[in-house]
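Here subunit A shows up in two complexes: once beside subunit B, once beside subunit C.
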Partner chain A sequence: MTAPAKAPLLAIRSLRAAYGKIEALKGVNLEINAGEIVALIGANGAGKSTLMMTIFGRPRARSGQIEFDGRDITAVPTHEIARLRIAQSPEGRRIFPRMSVAENLQMGADATDCSEADRASGLERIFALFPRLKERMTQRGGTLSGGEQQMLAIGRALMSRPRLLMLDEPSLGLAPLIARQIFDAIRTLNRQDGLTVLIVEQNANHALKLAHRGYVMVNGLITLSGTGSELLQRPEIRAAYLEGGRRH
Partner chain B sequence: MDYFAQQLINGLVLGSIYGLIAIGYTMVYGIVGMINFAHGDIFMIGGFIALITFLILVSFGLTAIPLILLVVLLVSMAITALYGWTVERIAYRPLRHSFRLAPMLSAIGMSFVLTNYSQVAQGARVKPVPPIITGGYTLHEGAGGFVVQLSNIQIIVVITTVVLLALFTWLVSSTRLGRDMRACEQDQTMAALLGVDVDRTISMTFVIGAALAAVAGMMYLLYYGLVDFFMGFVAGIKAFTAAVLGGIGSLPGAMLGGLAIGLIETFWSAYFSVEYKDVAAFSILIVVLIFLPTGLLGRPEVEKV
Partner chain C sequence: MQASRAPGIAFIFKKALISALVALVLFSLMIGVRTEAGPQGLLVYETRFGDLAAMVAAVFGGSIVVELLRQWWGPVGTIRVVPPQVTSTLAVAGRWVAPVLLVFTFLVPVIFYDQRYILDLGILVLTYVMLGWGLNVVVGLAGLLDLGYVAFYAVGAYSYALLATNFGLSFWVCLPLAGILAAFWGVLLGFPVLRLRGDYLAIVTLAFGEIIRLVIINWQSLTGGPNGVSGIPRPTLFGIPLDNSDNGLAALLRIEFSPTHRIVFLFYLILALALLTNWVTIRLRRLPIGRAWEALREDEVACRALGINTTTTKLTAFATGAMFGGFAGAFFATRQGFISPESFTFQESALVLAIVVLGGMGSQLGVALAALAMIGGFELFRGLDQFRMLVFGMAMVLLMIWRPRGLIGHRAPTVFLERNQAISSDLVKEGHG
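Our next item is the complex of A and B:
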């Protein structure tokens, strides 16, 4: 691999984080360049979601460094991370159940204090990707189906016009057709808008096909990295994540 | 019939005061999941500040009653809000990540502190004020000589409550602060991920709750013509009951519960016995909770995920 010409958009160095005494991240190194889709794959409990949350300071990093666009953000308060235009569609989607779809989207727009014009164009973009949301604008978030909630969680993140979009298991629990729709939307956003994406997935096959590069996480450490197609070829990846864990 | 109509008016006025206090309980419960037992005392503080402000204005020689009332309203709202903010800052926030009971215990302690502070600072005696707003209307004169009256102060209490509720509903449903408050109520972590300063939003909740309690305190002072350091206790318990009756966490529920408690108390005193009015109010609370465990307008805990 050739060294990137520019500094990466997000650089994580020797990051450690823990919940109480349980260490979830044990020195993670990861880089995301502007315009890339990066996939982070690994088994349940490997620390993938923790890594995303640690970028937002929940939990706080015990040691190591998180650098975004050349600025050290390791100690920045959680609510200020969103203002740097890092957005997350978190594990479990976390839609506000008793707010309308419109209000959920507005929460995303509020995150970066975006102007009325930006808000309107953001909404238009989201409706183009997920027309279903337009029909549901006045409905309460908690009444949406799982797929619609996922679309809303991504839509809400997009309303803050992120420079880095982080998606935690966007296909979890969704019908294959809906999952494909969501992966297509991510690809479109990356190609047309140059959006940088970090995607956490257990569905390694889909994620690695979508991503430019991928990282494999095991027990709080990155064990492998490479381009998406490289990783798809690796026998240990195929055995562990693509063929139901069976060895042959 | 005339007697009934008169009690209805009295009950609605008392209910308005309870409702204004109950909103503070329900808001705080919704957002931080604790019962702020010091809220009744915040109401009492509001009454005292209204009284003090009134006396200061009068001693300056002001005589225009509407102007005085407006200034008293704004000053007591502002200073009481500061009390609410301070209580949260020093007694609850440091315990927010502690075990669930800790802030509740701290709230009970805060209640004692505020009660005793007022007793020491203002004395234990009941503080009367001469009637400030007098006059009223005779609505109906019955055959038996019973007169249904609507006093000016009653009109002022009800109108003030309605206006404040309208403002407050608008704030919660349509402003960014209101949206942030609801976001924090539903999912604090997600709210923070979306750039909401959760600490600040919680502080604002206490500030708004205290400001509404201050209005209730001032209305109480005007309506009953007295304040004392212990009045927050009973009023607080009643308003808390109102919040639970309406469905704790529900804002319209708090108002409805307030009106319900006010009416029950008034009617019970009018038709049965004054001594047992509290028993009646609490008994109805128990009956409602047996059949509607989440209160009149409370939502069931189940949410689709």
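Our next item is the complex of A and C:
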């Protein structure tokens, strides 16, 4: 894949972030072009989720720069970032258990200035993608199965009609078949609507097959990057993330 | 069917005997022997074996009854099949509870016109219904545990009392002012507690309630300290006083004056205020702000991930709840005609919180029923004298065992599909449902 002439949609330059004294990001560089799926893989505690949350302004960057569509958003408050139409599906799904599926979805649109028509078309789009959610419409979020909850979490993020969708471990705790459905849905979104996706995953095999490009993160630093298939071929990736568990 | 798993009569008797034995040991000294000061000041004792025997017999009989009841009820956790007629009847009844209750409330002053006691009780219950609905916004919807709600009640009451006695402003001017001032204090409380949750929030709000009360007690020059504020003007019907004067309502309508007119007026006033609270809450729940409150209760992290501004969401919840508390406070001041810091103790906060929790966190009807049960029940048990608190506490414990989520524990959704459209098959390609 050749590098597009246009400036990247999201550009992160030597980004540092910390929780108190513990530095989680130690100078991260990363770029996402419009219309791309980018996978961020790495072991537990590498800083993948922190990077995603820092893009969203929580925790704040200590130094470095986050640029979205040519605008510096490093110091923009979290709720303003959502208005720029960056959406996030947080780790562990975190749907609202006592609220109905419909209300959960509406919550996704509430933070942005969506008209009623936008909401209606957003719902239609999500139900086309995940017909299961339509059936569950009036059910409480907490009564859904794990896979349905993940669909709901993605659907909720999609309600704000994002330009960049960030997914934190969408396959976490899901049966392989369900995880596959989720990945298929992400691919559909990208192909049909040209949605730009940043996907944080521990399931490196799945994520790299899906993504156009990938980054590997170790201890708060990006150590490797390349196209998805390139990374899948690399012996160190295969050893660390794909066959590591099978050696013993 | 039951005989197969039910323990035999021998088992029941054995259990009853053991219970009776334990009772005999326990009560032999407590009831069986009674010491008293004799005529010379010496301690003498008398035996009451009759009472002891009666007590032991009661335990024996009671144990058998409990055991039989337990057999009839089946083991804990059995799924009981309720006949469909019963469920449907209950559902129909459930739908009609709120309208029937509302109509009945409207008719209370008509039915009980002669019974001042019931009218006063009704006003008291409605005041707590309103306070419950106000606190429900903060605790039930936004999930922010507030133990100092009485502070806003006090702010509202003192706002009206001081504005009316010092500047001669009428009730209808002061009412919104009291609400605004209380909301202002709500925001003021909200700021320092923005980052707190659960227990920590409860402690700070508790302290806030106490601070307001202590300030009222100690700021003698303004609030009159422990002496309170007296001579608070009675409310008027848009300028027409409800008294015995020549330009009073009775004189204008050429009917005979009766002090009950004012009570009835107060009744409808608090009813209107309470219904306003209810209406605003129901409306807000359907708007993004109300939805954000509930989402905040469910998961604050998820709210942030969705770009909800949690600061404004929390502050609006505090302000809205406080405003209704302020309205209720202004009403309280005008009804009593006299207020003092004694009316705004922690006990009031606890009572209102108990109403919200018993009602089922977030349910409007539940809160109304709980207020009726708590305040009405309090009066109902008045005849029990010293045992009132005991019976009341037991009733609350039992309620929490049977209905741990409160009287009305389920939550009504606020988003409905206008029409149930089927998705056409050409849209359903990916995702594999």
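By our rule, the second predicted complex is superposed on the first by the 241 of 248 C-alpha atoms of A that agree within 3 Å, B and C clash if a C-alpha of one lies under 4 Å from a C-alpha of the other, contacts with A are read in each partner's own complex, and residues count from 1 in each chain.
One rule holds for everything that comes next: a contact is a pair of C-beta atoms (placed from the backbone, for glycine too) under 8 Å apart; a residue touches a chain by one contact, two chains touch by 3 or more.
Treat the numbers as computed from the prediction; the structure is a model and nothing was measured.
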item: Fit or clash - subunit C, subunit B, common subunit A; value: clash
item: Touching partner for A:188 - first (subunit B), second (subunit C), both, neither; value: second
item: First, second, both or neither for A:110, with subunit B first and subunit C second; value: both
item: Touched partner set for A:137, first subunit B, second subunit C, both or neither; value: second
item: Touched partner set for A:158, first subunit B, second subunit C, both or neither; value: neither
item: Touched partner set for A:102, first subunit B, second subunit C, both or neither; value: second
item: Which of subunit B and subunit C A:39 touches, first, second, both or neither; value: neither
item: Partner contacting more residues of subunit A (subunit B vs subunit C); value: C
item: Subunit B versus subunit C as contact partner of A:129, first or second or both or neither; value: second
item: Overlap of subunit C and subunit B interfaces on subunit A (superposed complexes); value: 56, 58, 78-79, 81-83, 88, 90, 94, 96-99, 103, 106-108, 110-112, 156, 160
item: Subunit A - residues contacting subunit B, complex; value: 56, 58, 78-83, 88, 90, 92, 94, 96-99, 103, 106-108, 110-112, 142-143, 156, 160
item: Touching residues (chain side subunit A, partner subunit C) in the complex; value: 56, 58, 77-79, 81-83, 87-90, 94-100, 102-103, 106-108, 110-112, 124, 127-132, 134-135, 137-138, 151, 156-157, 160, 181, 184-185, 188
item: Residues of subunit B touching subunit A in the complex; value: 176, 179-180, 182-183, 186-187, 189-198, 299, 303-305
item: Footprint of subunit A on subunit C - complex, ascending; value: 288, 291-292, 294-295, 298-299, 301-309, 411, 413-417, 423, 427-433
